[in-house]
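What follows is chain A paired twice: with chain B in the first complex and chain C in the second.
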Partner chain A sequence: MPARAELLLEIADDELILGWRDSEWTGIAPFLEEDVAFSSIAQNEIGHARALYELAARELGTTADELAFDRPPEEYRCSRLVELRLPEWERTIARHVLYERADAERLQRLKASDDTELAGLAAKIDREEAYHRLHAEMWHERLKGEPRYEAALEELRPLVGERNAHSAELQELWDEMTVVRRSQPAGTTW
Partner chain B sequence: MVSESQVWDALAEVPDPEIPVISVVDLGVVRDVRVEDERVHVEFTPTFLGCPALEVMRDAMVEKLRELGAEPEVEVVLDDSWSTDRITPEGREKLRAAGFAPPTPRSEGPTLVQLQSNGFRCPYCGSRDTALENIFGPTPCRSLRYCRDCKQPFEQFKTI
Partner chain C sequence: MIYEVFRQERKGQPFQHAGSVEAADERFAEAYAREQYGRRGESVALWVVERGSIMRIDEFVDELNRNYHRVDGYPLKEKLKEARERAGTSRAPAGDR
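== the complex of A and B ==
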C-alpha cells in the first residue's frame, strides 16, 4: 500500500474507533453536559474519519465506507489506546487527554506537509480539534493529582503509539460496528 | 443559458437544514460557481466535517439548480477555506434574530480564557454578562451559554 494511504488510514482508523468509543457515553455520562460533549466529540471524530477515508479511497480506488467497515479488524491501523472500552470516567478522561495531545502534534506535522491536499484537510480538522483540546485540558485541570486519574494516565500512556498488536476489544468493537452492514450482501446500497 | 448571478440568487434560497433562517450563501459555504453552457459547477465546503446536513445541502442545491434548467455538479471540497469568518453580515444578523449568538471573529479564539470572558453578547437582551455552560451543544457548531442578566440560556455559534 502507498505510504500516503497508510498514513491516512492510520489517522482515519484512530478517529473512527475513538469516535465509536466516545459515543458509548451517549445517554449514560455522569451528567448531562458531558453526555452532550462526548456525543458531539464522537460526531466530529467520525466526520474526520470519513473525510480521511475519502482521500484514501480516491488513492486506492475504493469507497470510504468500504475502508471503514469492510476490512478485517487485524488490518486496522489504529492505536491500542482508542480500542479499549473504558466505562470508568477517569480512564476515559485520561485517554481523551493523551489522545488529544498526541493528535495535536500529528496535526501540526501534517499542516506543514508539502502535500497540500493533506495539509488543507489537517488544518480543517484542527479547527474542530481545538475545542476537543479545550475540553480535555479543562478536565485535566479538574482531575490532576487525583490518584485514580493519575493511575489511569500511567496505565494508558504506553498504548498511545502501540499500533502493531491489537487487543481483543477491537475485535468486539468491530463485530458490533459492522454487524448491520455484514447482514446484507456486499455492494448493498444503504 | 443561466448566468452566474442567477445561480447565486438560486443558491441564496437554499436554507441550512439545521438553522433554516440562514441560507448556504449566508453561511459562506459556496466557494465558487462556474457556468459552462448548460453545466453549472458549484464548489462548496462543509462547515464541520461531521455535519449530517452536508448531503442534504448538496442535494438541495442540485435540485434548486435543476429548476433553473441547468445541469448541476456540486463538488464537496475538503480543504481549509471555510471558517466562521465567512458567514456574511446578513447571515450573522439572521442568526442573532433567531436566537443564535453569531460567532466571534476568528482572531479571538478559541481559548478557555476567551470562552470564559465577557466577549459574548446575549442574542436576546444584548448583555455581555454571559457564562459558558458547555463548550458543546446540540450540534457540533454550537456551544451553550447563559445570560446572567435576562436569565436566558442561549446557543453560541462556535468560532472555527
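== the complex of A and C ==
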C-alpha cells in the first residue's frame, strides 16, 4: 500500500474508532451539557474519518465505506489508545487529553506537508480540533492532581503510539460496528 | 453554577435570551455555550453571564394607580373622535374609502 494511503488510513482509523468509543457516552455522560458537548466531539471525529477515508479511497480505487467497514480488524491501523472501552469518566478524559495532544502534533506536521490536498484537509480538520483541544484542556485543568485521573494518564500514555498489536476490544467493537453492514442480504444497496 | 446565555442572530440585532447552561466555571460555560448556541451558525455572538451577576428588578409600586405615568394613561381614541365630530372632519368608515 502506498505510504500516503497508509498514513491516511492510520489517522482515519484513529478518528473513526475514537469517535465510536466517545459516542458510547451519549445519553449517559455525567451531566446534560457535557453529554451534548462530548457527543458533538464524537460526531466531529467520525466526520474527520469520513473525509480522510474518502481521500484514501480515491487513491486506492475504493470507497470510504469499504475502507471503514469492510477491512478485517487486524488490518486497522489505529492506536491501542482509541480501542479501549472506557466506562470511567476520568479514563475517558485522560484518553481525550492524550489523544488531542498527539493529534495536534500530527496535524501540525500534515499542515506543513508539500501534498497540498493533505495539507488542506489537515488545516480544515485542525480548525475543528481546536475546540476539542479547548474542551480537553479545560477538563485537564479541572482534574489534574486527582489521583484517579493521574493514574489513568499513567496507564494510558504508553498506548498512544502503539499500533502494532490490537487489543481484543477492537475485535468486539468491530463486530458491533459492522454488524449491520455484514448482515446485508444479497442485492441490497445502501 | 448557572450561566445565562444571550445570543445575537445577526450583526446589529439585539441580543436575546437563548437559555442557560450549567457549568463548573467560566471556561466550561464558554465551551458549553458555544456547543449549544453557536455551532450550527445560529448566532454571530453570545453573551454568557453568571446568573448571580444579573440584577433582577420585579417590583414596580404604583399604590395610587397614577395611570398618567404610563404610556397607556391617556386613551386618546375617544377624545379624538369627539373632537373630529365637533370639527365636522370625522373620517369616513374604512369601507367607503
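Throughout what follows, the second predicted complex is superposed on the first by the 186 of 190 C-alpha atoms of A that agree within 3 Å, B and C clash if a C-alpha of one lies under 4 Å from a C-alpha of the other, contacts with A are read in each partner's own complex, and residues count from 1 in each chain.
Keep in mind that, in the parts below, contacts are C-beta pairs under 8 Å (C-beta built on N, C-alpha and C of every residue); 3 or more make two chains touch, one makes a residue touch a chain.
Quick caveat, the model's predicted, so the values are computed rather than measured.
Superposition of the two complexes onto chain A shows a clash between chain B and chain C. Once chain A of one complex is fitted onto chain A of the other, the partner contacts of A:G47 are limited to chain B, with no touch recorded for chain C. Shared-chain residue A:Y131: touches chain B and chain C both. Applying the stated contact rule after C-alpha superposition, one finds that A:L121 touches chain B and leaves chain C untouched. In the superposition on chain A, A:F31 makes contact with chain C only, not with chain B. Of the two partner chains, chain C is the only one touched by A:R142; chain B is not.
Only one of the stretches 24-32, 60-68 or 78-86 belonging to chain C has C-alpha atoms clashing with chain B in the superposition, and it is 24-32. In the superposition on chain A, chain A positions 33, 36-37, 40, 131, 134-135, 138 are in contact with chain B in one complex as well as with chain C in the other. Within the complex formed with chain C, the residues of chain A that make contact are 31-34, 36-37, 40, 131, 134-135, 138, 141-142. The part of chain C that touches chain A in the complex is made up of residues 21-24, 27-28, 31-32, 34-36, 39. By the touch criterion given at the top, residues 33, 36-37, 39-41, 43-48, 50-51, 54-55, 117, 120-121, 123-125, 127-128, 130-131, 134-135, 137-138 of chain A touch chain B in their complex.
Within the complex, the chain B residues that touch chain A are 46, 48-52, 78-83, 110-112, 115, 133-140, 144, 158, 160.
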